[in-house]
């Protein structure tokens, strides 16, 4: 019955063109009221809690940073210097999305802030250069997930801390799969660009090598920004949220001194950024209400416990767990899904003989996939908001499909060859 | 009205960055950490998001699935739009009532943030405020727009920002 | 079963709090047969937070029973949250002396929220240790380090003895230690093992006695709807478990075992902080307790005096 309400709610949200946040929220309120003992007051409680979480506040600040860099012309200079490098590569600057997400993922623990930070800078520039908007969004949404697998990773951290598994080893185990995924994403871009050259325009003029180097040298002030965000996290001077604020402040400084930022442009940048994260806020409100409604009924726990009680082979159990994660991933954001399911999934699967470290990486991968699947896909939401709706949710989801397939393929690959995950923690 | 609230939201966002920046500076330059940053940032974040909501609905900037609605025209589109607006009004009225209860209960018991002991009820009260304002704006739009009267449109058009 | 209850637990199954809760649930379920059944949801899997429990529990419509560490409800009920702050105990036996008074305070405090108090389940953790990258076991050395603490009471207490602390949530602690945002952390042995703290802060030393009294509470409304015999079974089982856990706490075997496990994985136990340092910390914690109780007002000051009387400070 709950599944029927859920399906109906999602269907109506799609058909009536009601804002996604409102549609999900109404569905959630209905479930809370009629199936959870009239507990619709939980809706407000869960919104309040999540919005008061310090972690979430990195997202608006990274969006501020992106808007300021855009308004001051700094990001334009950056991409002008970088684009000759990719002249000959099919897919061009799309590859930088993956590369920058990988680097960003190596210092940030979260998927959504990676997508927000890189997306807010990259999207407007790539759009202006004539790249296919939906494809840009697809690469950024997929790239963002690397933030969760490549250490440090909030998901691996919580997995380790709650299940008593070595966090150091989990981090090591995430490296190879993360890099492998990044490489596969680039291959996907390559293949897509070869099959459909229109998605990425080729630079007409050939730039001499020396000019490329001097061009890159001229953008040295960017190094200050990179240090402010990445360096401070790496050196332990700042947490990711704090680094986001350092990014805002240094992009203002660089914008005024090196770019052409004015007070008026700065104010507009702040206003635009507020619209972007407000849009994101509306979707989050709805998504939070819906996931609270499903979790208060204990649905994830019951489903996973049901699988654990089946008398089938270990790999069948694992396959069922994967399927359930992919389905639940449509309705929950990653970390809360992990917290909800681990108490059941961990003892069942490790009891069947699966390696705890390997399992941590696999579950992280599965909840990452959920970040890309509608109706509740946080990375999609962030990027649709960053594009100001120029790419709608449906198109964004469709554009991430190739990456979704690669990630699902990765689950199969890492199950067949668990060594890819476990070798680093074993030898180091 | 919603524009004014949006500017307030933007200011709050700017303030967030400044406070976190100040906190890092205090800790590393003056070795005396600001102790209440996290709580204040959380409160500012929720305030910023909620205050931005009325403007988003006034200017029709929302994440929607428009696969079907894009293909409709005339009366059909009008009907779907009407249904969707009724949904929005119901949702924000419901959420407004629920969050009003939440905030007034907090006010009654004098709830304060854990560490800094900042009274939380006024911050919570921004939720019902924004919800009711949004419901009111959408109600005006639903009542007047079919007769060709524009309500709360962004006068400069949606792409003004990116033209900078 | 005729009546089914949901129990919310924030802790994951590896934690001792869940072990205690499960004992209670199993015993009650076994004795009440088809009449009554409690299902425990661990790891916060119902999607609710402890900080909201005083709003969610009373109506009894979604969650009927929980174990609630009162420190989490500081926003709504400071008199419950700060009744017995960290660091004020001079010995492990002190907490057993304080229990009868705590029972009174909790019973009265929860009642005003429409919540019935069944008893306090004490976790086997009984010390606050300092975990560091370097070998640190004196206050003098600790003053040169950045220290992670988990509450404002600890922050203020350390400030009084010249140690600069930062409140960092448990989830961010590992990275904070790894990257050097902090050099040391206050923590306790069982949890240190789960968090793999030996990888980032292997050296540890005892600083202060500690007790985590966790009230077992139920929605009064849901309780009133139960048959009298089920109520009786729950009261009996709660009382029985309270005693078992207090004895277990005093025996202290759990902490010794956890400490050994930690060292076997690469940790290193140092000599405890000098007695004078321990005393200085306790004195500071008591001072902070007095200041806060006066400042926050309400029932806190009267309650503090009652506890201070039995603790003898």
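Going in written order, the chains are labelled A, B and C, and every chain counts its residues from 1.
To be clear about the criterion, contacts are C-beta pairs under 8 Å (C-beta built on N, C-alpha and C of every residue); 3 or more make two chains touch, one makes a residue touch a chain.
For clarity, every value in this text was computed on a predicted model and none was experimentally measured.
> Using C-alpha centroids, which chain lies at the maximum separation from chain B?
C
> Of all chain pairs, which one counts the most C-beta contacts?
Maximum number of inter-chain contact pairs occurs for A-B.
> Let me have the rounded angstrom distance from the C-alpha centre of chain B over to the C-alpha centre of chain C, please.
37
> Nearest whole angstrom, what separates the Cα centre of chain A from the Cα centre of chain B?
23
> Which positions in chain C touch two or more other chains at once?
Residues 51, 55 of chain C each touch two or more of the other chains.
> Give me the residues of chain B that touch two or more other chains.
In chain B, residues 38 touch at least two other chains, as defined above.
> Pull out every residue in chain A that's touching 2 or more other chains.
41, 45, 237-238
> Any idea which chain A residues touch chain B in the complex?
Its residues touching chain B are 13-23, 25-26, 29, 40-41, 43-45, 47-48, 51-54, 56-57, 60-61, 64, 71, 124, 232, 237-238, 241-242, 244-246, 248-249, 265, 267-268, 270-275, 277-279, 281-285, 374, 381, 384-385, 388-389, 392-394.
> Would you tell me which residues of chain C are touching chain B in their complex?
51, 55, 74-78, 152, 155, 164, 166-167, 296
> Within the complex, which stretch of chain C touches chain A?
The contact residues of chain C facing chain A are 6, 12-14, 39, 41-49, 51-52, 55-56, 59, 61-62, 170-172, 174-176, 178-181, 193-196, 199-200.
> Inside the complex, what are the residues of chain B that reach chain A?
Residues 6-7, 9-11, 13-14, 16-21, 23-24, 28, 38-39, 41-46, 48-50, 52-53, 55-57, 61-69, 80-81, 83-84, 87-88, 90-92, 94-95, 98-99, 101-102, 124, 127, 158, 161-162, 164.
> Can you check the complex and tell me which residues of chain A touch chain C?
It comes out as residues 36-39, 41-42, 45-46, 49, 109, 152, 154, 157-158, 160-168, 233-239, 291-292, 295-296, 298, 300-301, 336, 339-344, 347.
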